[in-house]
Every structure is written in C-alpha cells, then in structure tokens.
Amino acid sequence: MFEVTVSDHMMVAHSLRGAVFGPARALHGATYVVEASFAREQLDADAIVLDIGAALAALRAVLADLTYRNLDEVESLAGLNTTTEVLCREIADRLAARVHDGSLGVGAGDLVRIRVTLRENPTAWASYERAP
Amino acid sequence: MFEVTVSDHMMVAHSLRGAVFGPARALHGATYVVEASFAREQLDADAIVLDIGAALAALRAVLADLTYRNLDEVESLAGLNTTTEVLCREIADRLAARVHDGSLGVGAGDLVRIRVTLRENPTAWASYERAP
Amino acid sequence: MFEVTVSDHMMVAHSLRGAVFGPARALHGATYVVEASFAREQLDADAIVLDIGAALAALRAVLADLTYRNLDEVESLAGLNTTTEVLCREIADRLAARVHDGSLGVGAGDLVRIRVTLRENPTAWASYERAP
Amino acid sequence: MFEVTVSDHMMVAHSLRGAVFGPARALHGATYVVEASFAREQLDADAIVLDIGAALAALRAVLADLTYRNLDEVESLAGLNTTTEVLCREIADRLAARVHDGSLGVGAGDLVRIRVTLRENPTAWASYERAP
Amino acid sequence: MFEVTVSDHMMVAHSLRGAVFGPARALHGATYVVEASFAREQLDADAIVLDIGAALAALRAVLADLTYRNLDEVESLAGLNTTTEVLCREIADRLAARVHDGSLGVGAGDLVRIRVTLRENPTAWASYERAP
Amino acid sequence: MFEVTVSDHMMVAHSLRGAVFGPARALHGATYVVEASFAREQLDADAIVLDIGAALAALRAVLADLTYRNLDEVESLAGLNTTTEVLCREIADRLAARVHDGSLGVGAGDLVRIRVTLRENPTAWASYERAP
C-alpha cells in the first residue's frame, strides 16, 4: 500500500466544554500542525497516489475556513466540542468531500484511507482515519 | 478510528547482552523520547479518546520509575535484555496496567490499541503495539 | 562562551492591533514553543551555566501565568500588542526578574545574555535577547 | 507487534513525466530523508526485531546506489517515473531483497511488514509498505 | 535585540566544481529548507520587527526563481559554484535588495542584520549573515 | 560571515557530581545530538567554509572516542564533571585540535569561531563557542 501525506498549519482560538478539560475550558488557542494522508493500493498512470500540489491546495482550502478564527464562533462547527480529535475528524470529512467532488483529482474509489493528524504542541497530538 | 499520542522522555544507562550488540554491550546510555498512543473507535461523551492530561501524567509516572537510572540495576527489569523493543513493550504494559486500574479515566474496553514508540537517536527508533 | 537553553510551550488566544496584521487582527490563537537561553563566560563550581532543573521550573512558572488564557484579558499584559516579538521580550524580562530575585540560583552578574525564542508555527519564529 | 525503524538520506536530481507534475517536469532535485521500518510479531532470542546496525548498513548500501546522482540516468531505474511513491517502493523492494539474501540477519519469514517512507520537504512525504 | 525568522524550501538540481566535492561533482539535487532572519534593535510602531506575511512573501518570491530548476542553468547564478554557502549569500543578497526596494515594508536603516540558513540534509546546514 | 554546521550523535552513560544535580548524580545516560559549527568571514577558493565531508568525518572521529561508553571511566575525561556544558567544550577543543593538525583541510587562521551544541533531550541543550 502507498500513502502520501501533506502538511500545513492553522492558528485558532477556542474553548472546550467539560470538567475533564480543566484550564482548557477557558478561551485559549493553538497552532495545529495538520497532516493529511491519502492511501491507495495501486498507483495511478502517473505513478502517484494523487497530485501532491492538489492535496496541498485542498488542505489549504479546508484550513482557510478555520485559521485566524475563534472556533467557538465558526458557524460550521456550531454545537461541536472542538477537541483535537473532533478537529481531526472535521478536517478529514471536509477533505473526503473534496475527494468526492473531484477537486483532488483522484476518485474516492481509488483511495482506501484518509487520515488526518493534528499536532497541538510538542507533547500531544491526535489523528483520525476513515474510509474515503 | 481515533488515536491520541502523548510524549515525554527518559535518560538512562544500560548495557545489552548478546554478540549482535557489538559496542552496545558496554555500559552506555540513551535519551529515549517516548510516545504513547491510545486508539479507540468512538469518542467518549466529552468528544475525546482520553484526557491528554491524564495520559501525560500516567506516562510521566511510568517513566519516573526508570529515568536517571542504570537499567541494569532496576529490579522490575531484572532478567530482561533492555533493548529498545523490550523497553517499548515494558512501558506499554505498564500503561495498560494503568488503563486497567482506572487511572487514565478510560475503560480498557473502550480502547482498541496501545502503542509505544521509543526514539533512541535521530536515526533509530522502535515501537510496540498491543491490545489494551 | 557557554549557553544553556531550556524549552517549554504555552497555548494562548489573542488578537493583534494594526492594519499590518490582516486576518490576525481577529481573535485567534497559537501554541508558542518557548526556548529560554542563558549565557555566561565561565562555568560555575559545578561546571554548569545554571541548574537546568531550576531554569525549566522558572520558565514553567513564567508560562503558567499566560498559558490557557486569552492574552487580550491578561492584566499584566494590558496595553501591549502581544506580537511574538513582544511576548519574547515579556518572557525574557520575567525570567530576568527571576534571575535577579535569586530563584534561578545564578547571579545576574554571572550571566552575559538572556535570549528567548518563540516558535509560533513551522514557518515563523522570533527571538529577543537582552542583558541579564 | 514490534517495529524497528532506521533512517538515512539521499540527495538526487531527477525529472518527472506527466502533465500533472507541472514545474517538477523540469530537471530539479531533492533531499529525501528515508525511513525504513521492519515489523515482526515476536522478538528474536536477542530480544530484537533485527540488528539496528545491520539495518542501517543495508539502508546505506541501498541508498549508495542512488545518492549524488541524476536518477534520470540511473540504469536500474530506467523506464520508471521516479515519483516519491515509486522511490519508496523501489527502496522497499531492494531492502526486501537484502532480507531474502540474509544480509540483514533476519529471516523473511520472521518479518510481517517492510515499510519505507521518503520525506521530500517539510510539507510532503510518502510511504510504501509490503510483505517481506 | 529582536529577530524574526521565516522559513520556506526549494528543490533544485545542481553540480559542484572542485575536487573537494567528490561525488557531489556529479549532477545531483537537494531540498533546501531556507530560513531568513531579520534583526533590529527596536520594534516599530506595530510592535514588530517586520510583517511576517511580507517576509514570507519575499522569501517565496526569491525562491520561486530557483526552485524546480537545475541551478547549473540558472542565468542569474552563472559563474557561481552553487555551494550551500554561496546559495545562502545569494538568497540573503536578494532579500536585502527587497528590503532596499521597500517590498518588505521595513527600512534597511531599521535592520541591523539579515541572516539566511539553508538546511540541506539532517546532518549539514550553512548560514550567511550580512548587514542589510 | 559564513557558518557551516554538521551533526552527529553519541550515546553515553555518566553520573554528575554536586548536590545541584539531584537525581542526575546517579549513573544514568543520554543520547547527545551534537552539532559542530565552523565560521569564517570569507569563503575559500572552492566557495566553501570547509569540506562538509571532512567536518563530518572529524566529528565522527571525536565522538567515536566517547560513544557507547560510561564517561565516568573514560581516561581522557578523568577529573571532569561531564555536564553538557563541559562535554560541549571538550568536543569543541578536540575539533579545534583537528583544525590545527590540518585534518579538516582548513587553516585555524581562516576560521573565526568554533561552536558545539549538545542536545540532551527535547527540552534542554547547551553550547560552547571558542576561537579556533
């Protein structure tokens, strides 16, 4: 199996709901370094999983809706507790939608896995993987 | 599937037994950067895999028994050849025990995998994964 | 000349004032990886610049006043435009104060430079250096 | 399951064939940081997956055939579009051959997976995994 | 003193002239991770050294002339032995020209140093610093 | 001014003498990632500070005397408290000796600074710089 990963980052404010989060219940922020991985069993006719440039552009487009914002006020995230795990899933789902609408130039049927990792600081990160 | 990883480090001396280890049979040492990953299929009611703070505290507690020591003299490791692989398994097993005793605040039944990676230098690292 | 550096991080929200900041004028956030460096010409009787443990504790204490907060509402920063450069200087000044009050276990007269670097994302960081 | 990874790098020129590659169709170059991973279910009698020194030597030998060269003119790659994905597979296949010829000191039957990752720049990398 | 650094990368082919370069006399390539630093004694009215966005854009513009190319055929480098050191100086000089033409939004008289670092692989890098 | 840096690592055991070291007074160990920097004002006829290959070889030779050992028993370090700072100075001095004996292929008179950095874990490192 082959896998290609592209990376970018976003800088956001947010707060978390739930006693477990302790001080992170207050409004604070994070730089999330975001890695998006796309896996497939066989390479295409150009000998790639997908176009790295297209993948970077798709990731940048997804993050552009979130970066430099207070996630507590982002309408498309309303009702979500924006934990690192939830943000991984949200970004993976948005990338999957872009696979399905053809903007990554690879068919959803060709991919076997999409995985998104968010690194929030040097000691903690999370990832989410799903079918494309 | 979701996965959360936390990281810490330990600084130890040790020696290895076996001709294959060459110069590493002599007493030497390592800084091990340790990454502990916990995976589950569904998030809990707080939208997390587990409390990152609790995971960091559990990892710190496990490493506190080993760091700043000569592993050749650590009683709980007696009889083990403390290769990077064995240390991965040892730390994973100790973290699993802490999952089972409830100190990570997540049920063993909720997790699907525990993985521990030890980075011993910029050119070599090892990992071990097990059921929780 | 010798220099010792210790590192920690903080996760904050803030907004910036000034047309130059563009989207960063909105409330957003950052993980700042913080490096604090202390330089001296000669080592002390223990053959160190200063106690790394004491330096890490001092840095942690300085960051504890800022992390998991919205810097726009931190009283001790009132009136400041909390750019990365300003935060570098603020943290360096607070560490210098701790040198002067003796909590780092090294005399201000023994040090020749304090430098603080804040890494805000993989493509941008800033630093500030001052006399102790 | 246990996995050991070793890392090295190579510095090559090459060009890519296909409209999708845009500017990368021109002759350009890359430093590829190469990670080779070997997994097995049980450790051997020395409590290792394989000898890290042997793995580093095997990886160095494989890369020695490619580094400081223009891949467009490397005979053993003739006819291949040397994308990052293809290079991952090529290096994995060459390492697998070295497992089979015994030069890594571990039997192919003992391993369950070989994986090779090539990091081409801070924002993009690829990997390929295969049976040994 | 304050210093701001921005980072980007370029992927180039080239060859080096001189017996000292051994295998690097052949056409090969590199990913250069490029860091550009700008220092000044006092912050401006916005409390910054310079606009990080403008600095990133200037660096990207400078690298756009070089990336995805064979440096042996880049006219503006004709006659140069494109060692890492020379590329550091070339990029620093081009950035200095952009400071002088006003495109970084900071006066050359305000800056006290420009420094460029090129990381060519995990074990080697070079830097060049000059007056602005 | 130009500066070239090369990097390697060593894995050692040691203990420290002095109340300030707390738990590090016990025999423990470290992986030290070692960076050696060489600065000069003008490049040589090959447009380099020095031969990177020669610098890497010199650093490897210096570290070969220390790695995989218990520093408490290394004769050439007898009487030294092997703090990170002291090891920086020791390695810098040994590299300077190699500059003086000609094995780096650069004259001591051509260099203006030698600097050695040792990274002992992700949160602490030290450096020492001297005239060549």
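Labels for the chains are A, B, C, D, E and F, by order of writing; each one numbers its residues from 1.
Keep in mind that, in the parts below, a residue touches a chain if its C-beta (ideal position, glycine included) is under 8 Å from a C-beta of that chain, and two chains touch if they have at least 3 such contacts.
Values in this document were obtained by computation on a predicted structure and should not be read as measured data.
Novice: Starting at chain D, how many touching-chain steps does it take at least to reach chain F?
Specialist: 2
Novice: If we look at chain B and chain F, which chains touch each of them?
Specialist: The shared contacts of chain B and chain F amount to nothing, since no chain touches both.
Novice: Name the chain whose C-alpha centroid is farthest from the C-alpha centroid of chain F.
Specialist: Relative to chain F, the chain whose C-alpha centre sits farthest away is A.
Novice: Counting shared numbers against all numbers at the contact of chain A and chain B, is it over half, same, or under half, different?
Specialist: different
Novice: As a quick test, compute the distance in whole Å between the mean CA positions of chain C and chain D.
Specialist: The separation of the two C-alpha centroids amounts to 41 Å.
Novice: Measuring from the mean C-alpha position of chain C to the mean C-alpha position of chain F, what distance in angstrom results?
Specialist: So the centre of chain C lies 27 Å away from the centre of chain F.
Novice: Of all residues in chain A, which are in touch with two or more distinct other chains?
Specialist: 7, 122-123, in rising order.
Novice: Going by the touch rule set out above, what shape does the chain contact graph take here: line, ring, star, complete or other?
Specialist: Basically it's none of the tidy shapes, so other.
Novice: State which pairs of chains touch, listing all of them.
Specialist: A-B, A-C, A-D, B-D, B-F, C-E, C-F, D-E, E-F
Novice: Which chain A residues qualify as touching chain D in the complex?
Specialist: Per the touch definition, chain A meets chain D at residues 1-8, 43, 45-49, 51-53, 56, 105.
Novice: Under the definition above, what is the set of chain A residues touching chain B in their complex?
Specialist: Residues in contact with chain B: 18, 20-22, 80-81, 83-86, 88-89, 122-129.
Novice: Provide the residue numbers of chain B that touch chain F in the complex, in ascending order.
Specialist: 7, 9, 11-14, 23-24, 26-33, 67-70, 120-123
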